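There are two complexes below, and they share chain A, which is joined by chain B in the first and by chain C in the second.
Our next item is the complex of A and B:
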């Protein structure tokens, strides 16, 4: 009973690589539509983050890009109207719509990625590449918020001790520079202690092992296999010409053959996978509860 | 058999003429708890670092350090890492990783242990130290004592035989410090761990330790059981103030022999005295009646959906008094100090400073010759490279200070000891000539001698007309200087009384001297008061 976020980070990362990679390299309108719908669904079902401002930003960008393409590009046969003597075509509008839907879906996927890929998952993934790199990332992730917190409290202290009494801008800038310089000293000072602490705990023995809490279980392996199969179907479908379309000079989608239909279904399944798993978990949970 | 044996150890830093450690010989039995005391710069840290090879400073060393009968330098690298653990003073900077569990497994990862072994050790260590509840959290979100417990647990992961702690509680408040000390003692008792700990705050540690060692100017001047060392100790040396209340009482009464160390020992001691006078005469506390600070029904919370940190806080501070707010960790004391200093904005209620509402102080005029807040973390006060530049920066005239820091002028503020940093921060705060001085944990990292001096400094400031509001965990300090004390609980000030009544009333939140005098004498707060009263009564024949 696991969702995609609970799976091994390798599976999680692979999911995002597959789903965004396919949408970017096969901009077939049905695929893009599936990608956008599932991407939005996954994003809004994932807890955390203030969703309103992102939604507004993403859709404004979508609108702007959709309108921009027909204004810039004048290819295509069906002329809708003329602006300043230049044709605005339906094909160009379709193309813009498709591309900006792709960008919008990618935005949703990546935004969700930042929500589900927590720092320890990221560190796990880098630890597969290099033990020391993952340690550096872990140290950085700890240090950056510490640094900004110290900056805030130094400024607050300086204010309460009457050090920002001049309202002049130059005085403020000067004291900001001073705060920054002492922050560097503070960081170096802490760095010496951190180095001592690492040394005392044997960092330079040079036989580091890497303790990982995540394991690759049966669930993760089957998840990876299912996703890879779906990915393979999509790629095959594209290579065999099943997903063909054109925008210029006339917009059109060739009738879907068996391979094309398989590609669309496979992609939709892949993109909907996190939601399917979520639904399965909550359904199972409800059944278990009703059994009590 | 001794686990650690030091023979005639002398160490000189490069470029220094005088040795930092000279002619020290001592041995520490297995399973014993040794305490190393001494003022700042007495060579404690250097000595401790010489016992941990990875941290040993560069310099000229003569003499021998034996660990488990073998020369320390002959120990294998892995043994040196695993068998000797070292916990430092700086709570934050010792932590390396971002997740608690990752920090915990650091040592075992370094020595290349197998994953299954690491998982087992992490599980049992986390359970023992009570870390399991915050095992998954970010290290940055922990409280001070949690961080230091994590540092201790991380060192204990490799099952060391010798644990060295260099002023581990200097950045903790007294309650957290005693929690930490108790954990160390528990390790010592339950695992047979040998512990060597350097400390400023000795009152609580001494009754628990097997061996007390006192260093002065690089030499080991006393070493032995705590009762014996205290009996030998010169009453006028600064370190004598740091001894447990019962022992200080014993010496103040001019008795000879083995002093008691605990409160019950102290109670047995005063049981031998008459009780014809039960109370010291004292001047009644008077104040002008003019309010320096007026807080009325203040409510504050950090987040919209969070719970209230201040719940209807009301208190008045009169001009020219020293007002202490005491209370447990996280009860909102520091938040109250920040609200009063206008760094945080309460959502309801009113705060007046010298009769004027906070929002009527326009463009930071509140902080000019009016109110100054000295924060808990005093390192945030420092922005320059030397003490001299710091004082210039704040416009402090050194001759006007009620204390002397002229010996520190060319040092970097970060190189000062915790207590010296507090004094420098106070000096900087006085630069803006405040009429209301707010201190948040002013005695953090101070030894008892310096604490007394700080109490005197506050009294001196008071006589110059400065009103002082101090927020502190340190009950002994509050007893030394307060005109009135307030107990903070559940976001409000529960009771506001002068110290002799305040500390007479409670039995948990009170000084050790008051605990000793309980039921026999009234209104006793400090050891000196108790000794005077006992002597006045005379000993039973």
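Our next item is the complex of A and C:
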């Protein structure tokens, strides 16, 4: 078995679509809680990125959004206190808590997506849709670091020539514009040159094909099928009413029916899938090492 | 895929489906279904029109040079987004739309949103950002003759785009948070987004003022020099 990141990008994208889609469209408290816990687990287990600043930003946003709802919405029966003659209700607070937990979990999932969806995976996915599009994306991804390097060297040249070399704001802006203008000319001319050399190598002749490293293997297909089954269980549970919950007019604890329980379990399994695969892979690694 | 012989009819179908039919379906879905389906319908419609556009993009032969220039403009817009407080993507999409045509404007807007969000935070809003910026570039391409002629029209378009972009994204914020549309929350969202709206408007006007002419000269030059 492989980890989810090692699987085919289609399976990876499908996982994120399923897991965030369900969390966004089924505002069921247990499901949101599962989404948040698994999303955080997956994010903190994924290497790369400075985790601290994102964590601070996400939780501050969470706090702000949680407080915002009871101030704006006054529905609900249990009044906690009055501010300016308007009631602040417990139900409204719960609703805000649920919504902002959903948003927080989505932030975690999408942050993990940006970590694991590297540019080669993105290019693979777009090439399934349109080969021209994937070529443009791959060129853009290559141009960005190239341009920023070139911008630095243009800037250094300009400074060495003694242009706008003082600290006032207008001079700074003007010098940046000048550098940008030089960069544009350079980039457009360079682009035309590379287009011409592509043409000279027979780019626009014949059918376009696309190099794909990833193949859809047995593992990927079974992964997609497992995820789709779990997704189907959740959707069925939602449609049959098992995963519906209303905060207004009164938020109480409702018993979880069989359909609801199945939905929550299926969602938790789905959301924990990358962590399960990671655990399996690292366990296998340990076993292999212990055998030496 | 259906082959349509008439060039004009094919053009109309290619753009009418993603940009007219799908939004119409979205509005109908919004009116017919109950409140908590709004988010689903809007997200689905936006994603569908982007997918249809991308699928249609491959069917047409676009020149290699035009494609590379698209990539260059996208990369410049992407790199420009690292400028603090200001956001040049709208201006870049408008300029590309005016000088290189509707399709290129759409590509630059949508792709720079998609790619730069890998640095600035990917989320469900990416779909809406892609569509909004893409459409800004696309409409600029349609209006290219009047926008090229008058600077006032261009700046007005820039201001309108900045404000509308912000208002449209706020609809999405409210839908996401509240699941249904609520006017008071929408007001709160607009009020809290005033600094952003102002920054969009200022950066659109600023970048259009600063970049429109030099970019125009450079793109026209490349066009006449190499015949794109």
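Assume the second predicted complex is superposed on the first by the 284 of 292 C-alpha atoms of A that agree within 3 Å, B and C clash if a C-alpha of one lies under 4 Å from a C-alpha of the other, contacts with A are read in each partner's own complex, and residues count from 1 in each chain.
Quick note on the criterion: contacts are C-beta pairs under 8 Å (C-beta built on N, C-alpha and C of every residue); 3 or more make two chains touch, one makes a residue touch a chain.
Since the model is a prediction, treat every value here as computed from it, not as a measurement.
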> Sharing chain A, do chain B and chain C clash or fit in the superposition?
Replying inline: fit
> When the two structures are overlaid on chain A, which partner does A:55 contact: first (chain B), second (chain C), both, or neither?
Replying inline: neither
> Which of the two partners, first being chain B and second being chain C, lies in contact with A:68: first, second, both, or neither?
Replying inline: second
>> One more residue to check, A:198. First (chain B), second (chain C), both or neither?
In response: both
>> A:20 in the overlay: touching chain B, chain C, both, or neither? Say first, second, both or neither.
In response: second
> With the two structures laid over each other on chain A, which partner does A:136 touch: chain B (first), chain C (second), both, or neither?
Replying inline: second
>> On the A-aligned overlay, A:106 touches which partner chain: chain B = first, chain C = second, or both, or neither?
In response: second
>> Tell me the contact category for A:185 with respect to chain B and chain C: first, second, both or neither.
In response: both
>> With both complexes overlaid on chain A, does A:259 touch chain B (first), chain C (second), both or neither?
In response: neither
> When the two structures are overlaid on chain A, which partner does A:147 contact: first (chain B), second (chain C), both, or neither?
Replying inline: second
> If you take every C-alpha pair with one atom in chain B and one in chain C, what is the shortest distance in Å after superposing?
Replying inline: 9
> On chain A, what residues does chain B touch that chain C touches as well?
Replying inline: 135, 139, 141, 146, 181, 185, 189-192, 194, 196, 198-199, 203-204
> In the complex of these two chains, what residues of chain C are touching chain A?
Replying inline: 39-40, 51, 54-55, 57-58, 61-65, 67-72, 74-76, 78-79, 107, 111-112, 115, 117-118, 121-124, 176-179, 182, 184-185, 188, 210-211, 214-215, 218-219, 222, 226
> What part of chain B is in contact with chain A in the complex they form?
Replying inline: 52, 54-55, 77-78, 81-82, 85-86, 88, 90, 92-99, 101-102, 105-115, 118-119, 122, 138-140, 151, 154-155, 158, 341, 343, 363-365, 367-368, 371-375, 377, 379-385, 393-394, 414, 428-429, 431-432, 434
> Any idea which chain A residues touch chain C in the complex?
Replying inline: 20, 24-25, 27, 65, 68-69, 72-73, 99-100, 103, 106-107, 110-111, 113-114, 117, 126, 129-133, 135-137, 139-141, 143-144, 146-148, 151, 177, 180-181, 183-185, 187-192, 194-196, 198-199, 203-204
> In their complex, what parts of chain A are in touch with chain B?
Replying inline: 119-120, 123, 135, 138-139, 141-142, 145-146, 149-150, 153-154, 156-165, 167, 175, 178-179, 181-182, 185-186, 189-194, 196-205, 207-213
